Amino acid sequence: MGILEVKGVGKRFGGLQALGDVNLSVEENSVHAIIGPNGAGKSTLLNCLVGKLIPDTGSVMFEGQSVLGRKPHEINQMGISRVFQTPEIFGDLSVLENVLIPCFAKRDGSFRMHAFESVSREGEMVDKAMAMLEDVNMADKKDMNSASMSRGDKRRLEMAMCLVQEPKLLLLDEPTAGMARADTNNTIDLLKEINEKRAITMAIIEHDMHVVFSLAERITVLAQGTPLVEDTPENIKGHPKVREAYLGESA
Amino acid sequence: MSKSTLTRRGVLKTGAVAGATLATPTIFTAGSAAAYTNEPTGSTVKFGFNVPQTGPYAEEGLDELRAQELAIEHINGMGDGGALNTFTSKALGGDGVLGKKVEFVTGDTQTKSDAARASAKSMIEKDGVVMINGGSSSGVAIAVQGLCQEAGIIFMAGLTHSNDTTGKDRKANGFRHFFNAYMSAAALAPVLNKEYGSDRRAYHLTADYTWGWSQQESIAAATEAMGWQTVNNVLTPLAATDFSSYIAPVLNSGADVLVLNHYGGNMVNSLTNAIQFGLRDKQVNGKNFEIVVPLYSELMAAGAGENIKGVYGSMNWNWQLTDEGTKAFVQSFGQKYGRPPSNSAQTCYAQTILYADAAARAGSFNPCAIAEALEGFEFDGLGNGPTLYRADDHQCFKDVLVMKGRDNPTSQYDTLELVEKTPVAQVTYDANHAMFGGDAATLGTCNAGA
Amino acid sequence: MDAILLQTLNGLDKGSAYALIALGLTLIFGTLGVVNFAHGALFMIGAFCAVTVSRILNLSYETVDPTKTDFLGNPLKVKTPYLEGWFGPEFGGALIDWSVPLAIIFAIPIMVFVGFAMERGLIKHFYKRPHADQILVTFGLAIVLQEVVKYFYGANPIPTPAPDALKGSADLGVLIGLDPNAVIYPVWRLVYFGFAALIVGAVFAFLQFTTFGMVVRAGMADRETVGLLGINIDRRFTIMFGIAAAVAGLAGVMYTPINSPNYHMGMDFLVLSFVVVVVGGMGSLPGAVLAGFLLGILESFASMNEVKSILPGIDQIIIYMVAIIILLTRPRGLMGRKGVMED
Amino acid sequence: MLGLNKKDTSLLLIVAGLALFAPFLLNPFPADSGLAQFNAGYPDLMQRFVIFGIFAIGFNILFGLTGYLSFGHAAFLGVGSYCVVWMYKLVDYNVIWGLPLAIVVSALFSLLIGFVSLRRSGIYFSILTLAFAQMSFNLAYSVLTPITNGETGLQVYSNDPQVLLGATEPNAPHLFGIVMNQSKTLSMGAWEFTFNNGYYFCAVILMVVFYLAIRIFRSPFGMMLRAVKTNQTRMNYTGLSPRPYTLAAFVISGMYAGLAGGLMAAMDPLAGAERMQWTASGEVVLMTILGGAGTLLGPVLGAGFIKYFENIFSKINDGVLHSWFSFLPDGMENLLVGIVHPFVGKGWHLTLGLLFMAVVIFLPGGLMEGGERLKKRFSKTPEVKDPEHRPEDKPHVAE
């Protein structure tokens, strides 16, 4: 039994069957990659997991609880964090504040009227956020306006914001999209480290096969909204169905 | 003109005085040192003219302001003296009031009670005025009248036509020269009876706020008393600009007279729309369909253009009157501004003169002394013929004019013709009349402030 | 039955003004993404174009008529328009009589110019600024424009009648077999409705069938992509602003015989036209037109005695109530697109 | 001090100082000089500065922090005023009954309107709030006249119950006998300074609510509100629900508005319906943007700016102009009067409109940004040129 169990999930948009009968099981502490050609339904699947979309059929269980019908913030409070393809951060806020917000969210839940406490007096929270920033080598940028940072820094910041919540499952949407080779390798190392040190389960949507094969312990291949195969990287590499789906070669 | 304090030498002088007095010890003076609010101590006395200068009634306010300036000139002995020459009281000698030169300050009411009170307060608190005059709506008049009562100065109302101003909202410190809805109705009804007969069915469109209701109630009562039926009374929103949806059903309602209880922009639009629908070209119940606009003003008549031709209404005063007071005022106003005054201008002119005269007769600017001098005061020579300021409710009683839109105007100012001068006896009512708050309405006691 | 017919006509007529103003507002909004609080002022300027044309046509010379006197007792100066002097009272008088329709010819270039000037001189610099800044600056502009008009024309409404031939009312009821006097409707209001339909049709046809319109529509959908194609979308948007100004201005010109124009008529329409645009759905042209007519009709029906006697004061709030209900049930108005003006 | 850091403490002290010494600061010109026209140190205007300052501070908590632009806050202002006047009518003239009620009722009213309106965002939200406020205004002006006294405005009549009114009690709004409209005047040579009870009452309340606003700005809650403005998607995926935060901000700002409306009635016992009109809502929007949305001090400055123009410039008539320029030769005098004339007196709207445009064109961050630029110029620190940064920059939050 995995930490995330997706069973028979289907989703239609009008006449288009975006997902049809997807089954997926993510083992605790593993790195699970979901790959597939454009339009295979990867993003739709992800959106079904985080509550942005509600699937028409099937079930999504996280740690034995259904996430269906819950709002994104409720699902996050269950322990699922999400990293976006283009980093979603609080642009007007400082780097430190960006990391503080998830700290408060973790401690206080989805809403609390702490209107008359001072942020600067929440020593414990600030320490926690600073420690996180140290971990991603951004402590020196803590007072910077986050909107003015480079894209790479924004990505790291977003990662830090997710990690500081100590999620049980981290969903990553093409974490290396648009990166240079060296940066991609750094990110791979970072993610490996996170997975090992912090014991965080990861599900990655990725195009870059280099990233996938460096990180993933299991891979699910989606095509036209349905999973073709789910297997280890070694087996996936030579799988004829995958080659067909990606390259259009006949088996 | 009014405030010539900043001459070059003056600046130097004040500068020097300022430097010298900074070192002098400070003196606390509570407001109560004076006998009454804003007791004038120097050689001048200040009047406050609170008129709409922005918003839809800005033109009305501008005309009031012209008249008020003219009145100040006459009181201070400049110009030709205007109606002071014909005024029956001779207490004013053309040398200011009680030896003090009259100055004035102006404010913008914006035709909003809040803004009007703010500018009135500013004149009272900052400029130290002893009276406030002007305004062109009843809501503002009642709001400012209440303020003047609290502050302890005199309020000489400008254009305010609602019964409430000297009815349930009457105040000891407030005085109204302008006529009111009841008087309009009392003056109009006999004329309408004569012109249109006693068997008429009236349809009222009424602006949905206190003045509108007040006028509708008065007109309906007066016309019903002479045999008319009131078919319907429809309230229209103040903010309405297009009255088509209120006018369209009129023709099929069985009514043969439309009464427009509207003022200002509302009146211009509703009348224009009614004419568009061709109401006055129609025959209903075998009679010509007629429209009545109970309260006319020159400016609004000009705004409605040729649509007012043949439409009856009433006015407080009109420049076409031929009495000596009117002639003197119109001559003086016309020479200075190149146009005849409106009836709200005349009211403000008369009110300013009346206040100054009362102060001169009372020998003081104390509001209570002035109120006493005005109460029961009978005068003539300011237009409208013999006039009484009734003591019971501070309402002026004088002749009321019934007007009709002129068919062939000779100039842009010649929009209305005088149909009848309704004698004062016909428009007089008891001070405790039910429409004026009944027995519950009281002036309260005069407040001198301080 | 006749009452319902009458109120429907009234609704269509009110709706015409709403729709025309909202159409221009939406054009600016959809193409440029600018919240233009000065749009009501454009409507007002259009109306004063008509006033100005009528004044120019009425320019007069004065002759003294010693038989009459003016208010000061001096001999009366009688004014005769030059036009009547030149062309004779017949043709000259006709020209003056038709001043409002004639004003259309003058208003179009003036309004287009005003639109260009506004866009190039001011609005252009606010494309990337927050909507709040756009609101503040265009609101400031609206105040300035109306104060300038007030300075020259005064605050009083200025009667600007329709040509004699189009004054008065037509008995439409007789045409469909009802009793005489059952459905009487002013001729000019019918003209206004027809004119509005014509303008709306013209704008839609222009956007639908011309290359220019196609590019603009594409730009409304996705500005960046169109820009990438090497098309100078900015210039086209400037022209769109001119067109929007002209539509508002023409709506104003033709409105003058319905209600005498005054300097604050733009502000009177501003709030309502925003409600119309939002109810229609931000950025949707058909939505703006539809909402304009819908709200016009609802407003007319709400002012019927039968309705008011059940719900007193309903005519005061109907538009706002409908706006609330529509926005709560249809998140983006009647025909709005996703993602427009939701940040 | 009071749980504030050094910078905030000094900000609070500055505001306290300004409020305390306003009667001096606003009356810089001798009472009988021509420039006295520009003096603003009389009770009514000082009260207005403070009351609209409170209104704008509250509005800024919603608009400046969350970015939600409400066009309906005047409704809460009006409700606050009506509450206080009704308490005068029912209980007595002591403002202690009405003010808390004004806050509570406006909180409930804003909870209702906010709950519905916040189902939408962006301009849809703005129009929803506008619609609610216009409905309130239209009804208050006409149908609800029994409650609001319509056009005339709600006021106290001698036949009102006033159950607690004692025989010796003042017949004007007061706080336990301290009558609001009483003043003391201090004459120092040619200068006159007025100290008004009502003004100081408002000023004390201003300091309290300004202090509360600082606390809110610096709190985790305030940070969440800024997060709402910046990125609601990220908020959702960080386990936070934006709507209750926004609703809380809406209600808080509604309470500020209710308090401000209550204070208006506490200073002047009349509540007019125009207070609820959309133009009044628009005014507070303009105040906030003009001063600098999202800054603590900006809204107060913006409020002062607009009220100053409304009350001072509208009173400059031709007579005053002639007296200013009377030292010039006649021709020059008339020319100058002619030039200035369209911008003052009845033309004060024109000046205000031009200033709106000027501020928003040249100072995108409002008056606060102007102040900062001045500070930079005078402190002579090397200015960092950052041309690309400028246009996109939203007003810096929480200065």
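Order as written gives the chain letters A, B, C and D; numbering starts at 1 within each chain.
Basically, a contact is a pair of C-beta atoms (placed from the backbone, for glycine too) under 8 Å apart; a residue touches a chain by one contact, two chains touch by 3 or more.
Composition by chain, UniProt nomenclature: A = ABC transporter-like protein; B = Branched-chain amino acid ABC transporter substrate-binding protein; D = Branched-chain amino acid ABC transporter permease.
Here the structure is a predicted model, which is why all the values come from computation and not from measurement.
Asks: What chains, if any, are shared contacts of subunit B and subunit C?
Replies: In this structure, the chains that contact subunit C and also subunit B are D.
Asks: When all chain pairs are ranked by how many C-beta pairs they have in contact, which pair ranks first?
Replies: Pair with the most C-beta pairs in contact: B-D.
Asks: As a test of understanding: of all chains, whose mean C-alpha position lies farthest from that of subunit B?
Replies: Checked the centroid distances; the maximum from subunit B is A.
Asks: At what distance in angstrom does the C-alpha mean of subunit C lie from that of subunit A?
Replies: Going by mean C-alpha positions, subunit A sits 52 Å from subunit C.
Asks: Using the average of all C-alpha atoms in each chain as its centre, how far is it in Å between subunit C and subunit D?
Replies: Chain centres of subunit C and subunit D, defined by C-alpha means, are spaced 34 Å apart.
Asks: Indicate the whole-number Å distance between the mean C-alpha point of subunit A and the mean C-alpha point of subunit D.
Replies: A distance of 46 Å separates the two centres.
Asks: Let me have the rounded angstrom distance from the C-alpha centre of subunit A over to the C-alpha centre of subunit B, please.
Replies: One centre to the other, that is 74 Å.
Asks: Give the residues of subunit D that touch two or more other chains, as numbers and ranges in rising order.
Replies: 138, 142-143, 349, 394, in rising order.
Asks: For subunit B, give me the residues that contact two or more of the other chains.
Replies: In subunit B, residues 58, 62, 208, 235, 237, 239 touch at least two other chains, as defined above.
Asks: Can you tell me which residues of subunit A touch two or more of the remaining chains?
Replies: Answer for subunit A, listing residues that touch two or more other chains: there are none.
Asks: Can you work out from the touch definition every pair of chains that touches here?
Replies: After working through each pair, the chains in contact turn out to be A-D, B-C, B-D, C-D.
Asks: Would you tell me which residues of subunit C are touching subunit B in their complex?
Replies: 2-3, 6-7, 9-11, 13-14, 17, 68, 70-73, 76-78, 150, 154-159, 161, 167-169, 181-182, 184-186, 188-189, 257-260, 262, 264-265, 268-269, 299-301, 303-305, 308, 312-313, 315-316
Asks: Under the stated contact criterion, what part of subunit D meets subunit A in this complex?
Replies: 3-5, 212, 215-216, 218-224, 226-227, 229-231, 233-241, 244-245, 248, 252, 389, 394, 397
Asks: Going by the contact rule set out above, which residues of subunit D touch subunit B in the complex?
Replies: Those in contact with subunit B are residues 30, 32-35, 39, 42-45, 48, 138, 141-143, 145, 149-153, 155, 157-159, 172, 181-191, 194, 264, 268-270, 272, 274-275, 310-311, 314-315, 317-320, 322-324, 326-327, 345-346, 348-349.
Asks: Where on subunit C does subunit D make contact in their complex?
Replies: Those residues of subunit C that touch subunit D are 35, 122, 125, 128-133, 135-137, 139-144, 146-148, 151, 271, 274-275, 278, 282, 312-313, 316-317, 319-321, 323-324, 327-328, 331-333, 341-343.
Asks: Mind pulling up the subunit D residues that touch subunit C in the complex?
Replies: Listed in rising order, the residues are 63, 69, 116, 119-124, 127-128, 130-132, 134-135, 138-139, 142-143, 278, 282, 285-286, 289-290, 293, 342, 347, 349-350, 352-357, 359-361, 364, 391-392, 394.
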